[in-house]
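In this document, chain identifiers A, B, C and D correspond to the written order of the chains, with residue numbering beginning at 1 in each.
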Amino acid sequence: MNSEQPLRVVVWGENVHEQTMPRVAALYPRGMHGAIAEGIREHLPAARVETATLQEPEHGLSAARLAEIDVLTWWGHHAHDQVSDAVVERVHRRVLEGMGLIVLHSAHFAKIFRRLLGTSCSLTWREAGERERLWVCNPGHPIAQGIDRCFELPEEEMYGEPFGVPPPDEQVFISWFEGGEVFRSGCCWRRGNGKIFYFRPGHETYPTYHDANVRRVIANAVAWARPEGRWVDAVVNVKEPRERIAPKPSAQ
Amino acid sequence: MNSEQPLRVVVWGENVHEQTMPRVAALYPRGMHGAIAEGIREHLPAARVETATLQEPEHGLSAARLAEIDVLTWWGHHAHDQVSDAVVERVHRRVLEGMGLIVLHSAHFAKIFRRLLGTSCSLTWREAGERERLWVCNPGHPIAQGIDRCFELPEEEMYGEPFGVPPPDEQVFISWFEGGEVFRSGCCWRRGNGKIFYFRPGHETYPTYHDANVRRVIANAVAWARPEGRWVDAVVNVKEPRERIAPKPSAQ
Amino acid sequence: MNSEQPLRVVVWGENVHEQTMPRVAALYPRGMHGAIAEGIREHLPAARVETATLQEPEHGLSAARLAEIDVLTWWGHHAHDQVSDAVVERVHRRVLEGMGLIVLHSAHFAKIFRRLLGTSCSLTWREAGERERLWVCNPGHPIAQGIDRCFELPEEEMYGEPFGVPPPDEQVFISWFEGGEVFRSGCCWRRGNGKIFYFRPGHETYPTYHDANVRRVIANAVAWARPEGRWVDAVVNVKEPRERIAPKPSAQ
Amino acid sequence: MNSEQPLRVVVWGENVHEQTMPRVAALYPRGMHGAIAEGIREHLPAARVETATLQEPEHGLSAARLAEIDVLTWWGHHAHDQVSDAVVERVHRRVLEGMGLIVLHSAHFAKIFRRLLGTSCSLTWREAGERERLWVCNPGHPIAQGIDRCFELPEEEMYGEPFGVPPPDEQVFISWFEGGEVFRSGCCWRRGNGKIFYFRPGHETYPTYHDANVRRVIANAVAWARPEGRWVDAVVNVKEPRERIAPKPSAQ
């Protein structure tokens, strides 16, 4: 990434609930992806922030476009199965090369997240409009900058442990729920050359992506996940050794 | 460790509050260490479980005795500074060699724990007799065997995030507190050849070490932390190379 | 796993080179899987060690049989693509539940290994019959028991860094190659409830699986990877909260 | 760190061999620290790069100066014991707050490194002027930018495994030695809010810190280790809960 050049961000949205549930459409008239993109633009005015959705050809993620993305955010819930395996394969390769990936809420079950982590990514859940309080575990982490010791969302879906993921490289947030559960709600991993951040909040029936703290966290995560190098992975047959190999008896 | 031979466990107790606070003496007439040892014996009847306290010569941890310990549990609070640096050094070396170490509650600030982890081990706290609920993050982990999805302690001191430790190798429990906080309350690390488990509950003014779930977790942790090999660490000057080293111009 | 019951091990072999290359057939008249199984039996006489191959119905890994396996070892090279996705899915689920998996040599590119780790698993390579020396990084690790500071294989295929895997939880061996490369040749990961060990040596044209050190390492790894609990992963809708959730204005 | 402000780097040198060994003085007329600082200035011209040595008051690391350092590099060998514990304590606290630390060669045994990692940091060694080849394990890592698949140093001291450290968060380099050993020669860890990089080469009797690749790696590491936030660690008694705590029977 040339540091002169703006950070290129694509906010991917499943965009199904917005079409089928009036409550969601009312909360997010420009789509959940629209609200997420707006929040990133607020905090990273120099970035070039675009959106892409499931319904576009190749889900808006053609090979040519993907090659130009620095950080991709992903929200999905109802239609994980409709995401084509070819696109998942392509996104997977780009993350290993160095593209950042921000995985939001119910995208814990997105094909791309499960493929990168290799585990079940399962959890427990409840929809009861309860209060969530996200505690910062790592106040110096770039993703927590500008956030107080904790912040609250007055109503959210609950996700509870056990969360079926490999141990995070860094734990940024853990959530407390009014109904009695806890959840590792902000987790970092590195895979290949790419950085991955999972961020829990964001159920479609609440105005979570209009929340000031949530927007700041997502923008911080986008900046954190920017590529810092590029690894074009290759299986190389290195025929010429760098040192002399002694002839072996069995080779006779 | 010879598998024929019983597991040799020492429960170390600071044993100060038991002498100075009637409430603690009433809860733990044989000392907190006595109750902890009793719980381990219940679950690991084949183990040889002894105790040691701050007040004994060398705090009950002479070099000769330490050499025979497979797993050491540690509770301290008021008198971390009175633990001699020579004993800490000795325990440290034994953990790197393979001795298991179970660190309990306020021993997050024990010299030995800070030395092994290298970080501040700081946290937030409140004494308000509130309810704690410990959630299992990893139901298949040996330390969680026999424990339901979660268990509760009706009254405990609160410890809150941020917990100033390196990311745990494995997260076994996370706590929910009635007053609104969360905490990584069961954490595993490997250092050198030794296994370390930190377990949060156990404030001296509550009957926590009489609780059936707490006892089971500690006994599970003791079994998990048993040595699996022994590494006698040494700085070796390997004068003879295994391959021929070509003479270099500068050596002339 | 009932500790009274023998450890149940299955050695899976692709079993293609043994049929098509006389040199391999001569080295391994009962198959590479046969030699690997023999080595495990030598060191773990109480274990029940069986084999399974690609050519059997369901590759010898029916759901019923898999449910009874404690540790599976995997060697493949030429025919990764012929392993059915349904079997891979099934093995994947069993590893997350707690079955140990030992991945050997060219199985770094097996579907099951890439799926569990989520990365490219790529590397560099050379076939030149060169000497490999495996150094122990962690002399107290159970997998290194009985192994000296290092051991040598007189002729092996070379695998070189970069090895496209997530950072291992524990590094047990690193290889030095006569031709000038290095490789992380013994790596441990935990995924879900299962333990995974990757062990580099084992090219089909060399007698590697007859080597005493290699056999000991594989047997040690099988014992290390035994299940220690069982996690039946489930997505649970926990409708009843454990704490009272206050009514929210928006719910009216 | 204000991004407008130059990165503030201090190169710390033990500066003993330069005074006592003519061969070292000849190689490094302005000290090893002088050569290291020069290399960083070449690659990071906007940084403010200064030096400090053991012989200065407070070893050149007063509290006031440390508070203004973004990244500190550390070379020591002969005089680890002469570094005052008060200065080590102060550097330790600054790393946890977010200051980057680059630990060079024989500083694997520096008090500050052992304190941060909590392990023995032991290794094997040989002085035979042998060739070292450093392989890149992670070609997309910021510390490896501008480095080819590997690079060579014609003569170096050998360090061999086992290296007594906790598993690195990221492995950037592994070394191959002419005499037959391997070593994890470029390792990253995070502790508290600080980033730590250990880089193996740099024996005092060779011109290693004049090598172009070595200089680039050190400069890359300095840039990578820059602070990204600041955590003023504190133990806080949070007397007021955020949620109502029900009165308990025992409190009566």
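Definition applied: contacts are C-beta pairs under 8 Å (C-beta built on N, C-alpha and C of every residue); 3 or more make two chains touch, one makes a residue touch a chain.
In this text, all values refer to a predicted model and were calculated from it rather than measured experimentally.
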Contact network partition after subunit B is left out of the picture: one piece
Winner on C-beta contact pairs when A-C is weighed against A-B: A-C
Reference subunit C; chain at largest CA-centroid distance: D
Subunit A and subunit B: spacing of chain centres that average the CA atoms, whole Å: 35
Interchain centroid distance [CA atoms averaged], subunit B/subunit C, Å: 32
Mean-CA-position distance for subunit C and subunit A (Å): 30
Residues within subunit D bordering two or more other chains: 133, 138-139, 160, 162, 167, 169-170, 180-181, 190, 192, 231, 242
Graph class of chain-chain contacts, one of line, ring, star, complete, other: complete
Subunit C to subunit A touching residues, read off their complex: 96, 115-120, 122-126, 128-131, 154-155, 158, 160, 162, 164, 166-167, 178-181, 189-192, 231, 233-239, 241-243, 245-246, 248, 250-251
Complex interface listing, subunit B residues touching subunit C: 97-98, 133, 138-142, 144-145, 150, 169-170, 190, 192-193, 227-231, 242
Subunit D - residues contacting subunit C, complex: 133, 135-139, 160-163, 167-171, 174-177, 180-182, 184
